[in-house]
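In the two complexes that follow, chain A is the common piece, with chain B as its partner first and chain C second.
This part shows the complex of A and B:
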């Protein structure tokens, strides 16, 4: 059955670098903290851990940051870590504070966590662009490949193509190669040197980029810019892909197509912040450096809704370092606000803020350096699935446009992309772009599927309370 | 210069354009957003006669139901918009409610509504998965459903005389000595023989551009959508008709500001079950209300216990355009010649769209309308003089 758990000073949703850092800071300062995550382990995407009993000989081998992870994990103090909690809705509670509605465990028991303050650190998900064959088994997102690798350690022997755009392709390729996969090529749709010059002047990152270069070379992984996987082929499962030379707008040149044999394609076009919960609360959502949605925060990571904070990828995609730093800043702000003292002031906070500005500027430069270009739509064919849940081919999207659907929402209403199980998390980006829009903030009053019986019980709870 | 400019490409504007063009008029339809981007895209597609008390609205509904069937038939069967004359089953919680319902059905019959009493032990033949314990019900074979977004889009395409311009906002009306002679838009002026205000819940704002008032206000409604259900062993959907409890009848006519819900449960062709809708007067507030969703869920599970294990994947809300007397505004505005209204249909704008379009077309061509339009006059509201 359902029931209210203890009231907390702070509920943190998401136990990635951002959520871990925030929960640790707040718990060590003496606040009662609940750290919730849908996953079975803390760590989020960057610090994803293999399942228990999976005896990786060196648990840290896949993370440069393993010691950092251990520090964050061990620094959680007395925080209650509530794993296997999928948060499907958050709302302001009647008597102040917030109600965090979760589905717990494999049997999805409904439960509600009450807290005075709420930090949303739900991270991001892979941005997907459809192309012919993208629904074949063997095609996966770059993040998904990385997650598979970190979580389960099964890749050895695979023949992998990594493609898409953005710096994330590099760690994906090198860690796959290091794990024993044969990475036959990394194809970057942007120019090979898309990295903004300004970004390259930041020594740390340039070295890292070089580091990847060295590692790619060591594993004999060719890295080519101005190339895109425009089709995947195979009868029943992936056997090869078509790689095209593309112009600056990502339109394929007539010549220069090559066929590359592979059984796995890891494809990544960047990430989209996971904003369902902040949108439910009505937090102001703005645009990131590339025009995508990101929740607006002040320099203490407070959103526009009092009592709600955000950190990590939800505030704009910027990687694990920035996420962790933002989490720490948010944690300090929560502590200060809980005590009713100013959030700024001590020198450590000032240093953190300066560092955050620098990392955020770098992240913005990367976002600007690796935009998605419109030419990808020329890869689509009439029968290319746009929405897999509702089986909507590109043809139907075009018909909807011909019927007068002038924006993404109307395309969805007329042709049903995004109406199915994943609620547009996968196809939403593509549909928005096909409508000529920047992807907007999500409208998902139900962030995770919830049994009607559980919803109905909430009504009885309220009625009982009234009585 | 088009004969008619229709403001609003929702279901009602689409129907107005359709019937006007059928009469040979040239029509330009303008919408600041997209086809079906307003309330039409955030409601449901019930075409109901069952939920209406005898009176002017029921007269509209009975005719409109027939028009819907014609529109669907004309384009080859489901009409390209999933027209499904599946019938509605209204169930009564107690003998007392059943008596009231049966009495209502008797009066509805006189307005041309077909009704069929269903005894308690017959309910399962209509709905095998219905919860036990209902006192009985009434089946309404005329109740139907359509997919409103597709219906609006397709009707706009049926006649070549209709031109659609989306992304075009009407910012003013062209006036000549008190007469409305066209519209001013974000893309320039468009003179026209007549202007039809089919701006739905924004109809009052459009009327104001002509200096006249229409008291149209929003009434919020939430809808819950389930995961698509796989076919049952018998190959039939879990929910076969539109099913709701008789409490609905009292809610629709209610003046209460507070929350009222009486879930109508129905399956769609996409395999999902729609549960809607609540009624609240909270202005244009889109903030999710979990208590409302919870109430809808409880009522749906109360009707169909098997739904308890089905998951809701989505919820959305829309704003019904309502007038104080719960009747739409249809016809020429004597206060602003040249301006015609077709708005304020509250929770029945999909069902009533065809009849509205037909009657407006009659007005535009000077023909005699099929029904008396007096109850829907734009200047009927007290204190509404310009």
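This part shows the complex of A and C:
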């Protein structure tokens, strides 16, 4: 006997634009759908909502295209929305389909959801690079600052510097400024206009970019390219940062350092897709346009593992529009596969495919326009922490390399970066780059930390199932 | 001109705040906020000290990824403050 029936035709993990769109399409077509998310509200990163307790009369003020979110949220049909469910493992179930193991609620009780098909739409998190002082309180990720604002209506600080690379810095800066923070500067390590010529290939985005420009100007926020925050300072808490002029490889010039006073630094060097679940299932993982890991999918968003689909940032970072579109395509494919009919053919599918290609080409152009350049390693000093959890300084990583550790795995075994609580989610990419590798796919047995007791419970259940 | 604020921006009319106790000290919370957000809003940005270097930590990723923000809530250890919704009367202890 199984402890969990295959209650659902489809389990969708992640209720961002991709997961919402997919769940809606499948549920409206009559499939039994479970939509799971770790968060307390649907929306994902882009459409992150404040709690109801705020009674916001203009909830759309912090989001571009809020009406789209309302359509997605209200279009979920009969899908079961399981919030506060952190999925920590997925595995093929004995009788076919998949077992989705979750920790539920604030007290993290273990529970399992069973489904015939699985869509992974777990999105991405900020990519960060170590630099001296990056673990001072007051230094946050740009996405974290945005999440604090959108999800809790708390402004990260009074005097804020936004820095890193990529177009995402702009909405972070403008929303912080609109919410009352004094944004003293946006420092883009790449070229400030890397975006502009590409944006012309997609008029909507160019207008958006211009819109940000206008808003930055209105709040008198300077936006400077070829500048990087190479050190953060403060006695126990952030008080100022050093901004350097950097060359095309991000190596600081000798001259042109500037000290900027701030209580908060919001930093982001692009995004890293959350691939733990697809990696657990053995889905093939390839590279995005900038060499970063992304799950391989076919035109219908099917991964290499039958019954597993992926959409949104997990397939490569491409923004909310593309995530939503991919979700809808995946939803249609799930419906077709469940019914045993071909996934393509009707004109709507062709139009979606044309649009997907255009958006994906734009996303690839952005990724190529804002890559991470190797010069960031010249910002490091001997005592700069590389791994925040295990407190591994750069010196120990170098020692490991000197001892012959030639790849990220050997460095990890010798110096222990990435062996702590976050399992290398924060430092893994930096360690890979220090080892001269492209950041690879994650190799983590679990996607969320679990208590040993819960694992033991699960073992029992699994052996019951076998009996 | 009135000052910009996130509440003004979204036209919020928040419900009355409740209190959680952080190391015995009351901290106000708008219903629905996370422990980490309420701490931050109260100007408390540091609530953990690391094992080896005694480095001070608070929110970093804000998304449940980095584990910098760990707290104990009502005796439950190692909860991420940025993900854990605060409840009236919660007793939060920091390390």
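The rule we apply is simple: the second predicted complex is superposed on the first by the 453 of 467 C-alpha atoms of A that agree within 3 Å, B and C clash if a C-alpha of one lies under 4 Å from a C-alpha of the other, contacts with A are read in each partner's own complex, and residues count from 1 in each chain.
Assume a contact is a pair of C-beta atoms (placed from the backbone, for glycine too) under 8 Å apart; a residue touches a chain by one contact, two chains touch by 3 or more.
Predicted, not measured: the structure shown is a model, and the values here were computed from it.
Model built by superposing both complexes on chain A: chain B and chain C fit together without a clash. Judged by the touch definition given at the top, the superposed model places A:29 against neither chain B nor chain C. Contact with neither chain B nor chain C is seen for A:305 once the two complexes are overlaid on the shared chain. Of the two partner chains placed by superposition, only chain B is touched by A:89; chain C is not. Looking at the shared chain after the overlay, A:7 reaches neither chain B nor chain C.
A count of residues in chain A touched by chain B and by chain C gives the higher number to C.
Of the two partner chains placed by the overlay, chain B and chain C both lie in contact with A:421. Shared-chain residue A:361: touches no atom of chain B or chain C.
Of the two partner chains placed around the shared chain by superposition, chain C is the only one that A:149 touches, whereas chain B remains out of contact. Once the two complexes are overlaid on the shared chain, A:138 sits against chain C while remaining clear of chain B. Put simply, the nearest alpha carbons of chain B and chain C end up 9 Å apart when the two models share chain A. 420-421, 449 are the residues of chain A that lie in the contact sets of both chain B and chain C, per the superposition on chain A. Within the complex formed with chain C, the chain A residues making contact are 38, 40, 45, 50-59, 61-62, 106-107, 125-126, 135-141, 143-145, 147-149, 151-156, 177-180, 236-237, 385, 388-389, 391, 420-422, 425-426, 449.
Interface residues of chain C, counted against chain A in their complex, comprise 3-15, 30-34, 37-38, 40-41, 45-46, 50-53, 55-68, 70, 73, 76, 78-79, 82-85, 87. In the complex of the two chains, the chain B residues touching chain A come out as 9, 33-37, 41, 149-150, 153-154, 156-157, 164, 166-167, 224-228, 270, 275, 286-288, 290-291, 293-295, 297-298, 300-302, 307-316. Of all the residues in chain A, the ones that touch chain B in their complex are 89, 91, 101, 280, 282, 390, 400, 403-407, 409-410, 413-414, 416, 419-421, 423, 443-446, 449-453, 455-460, 462.
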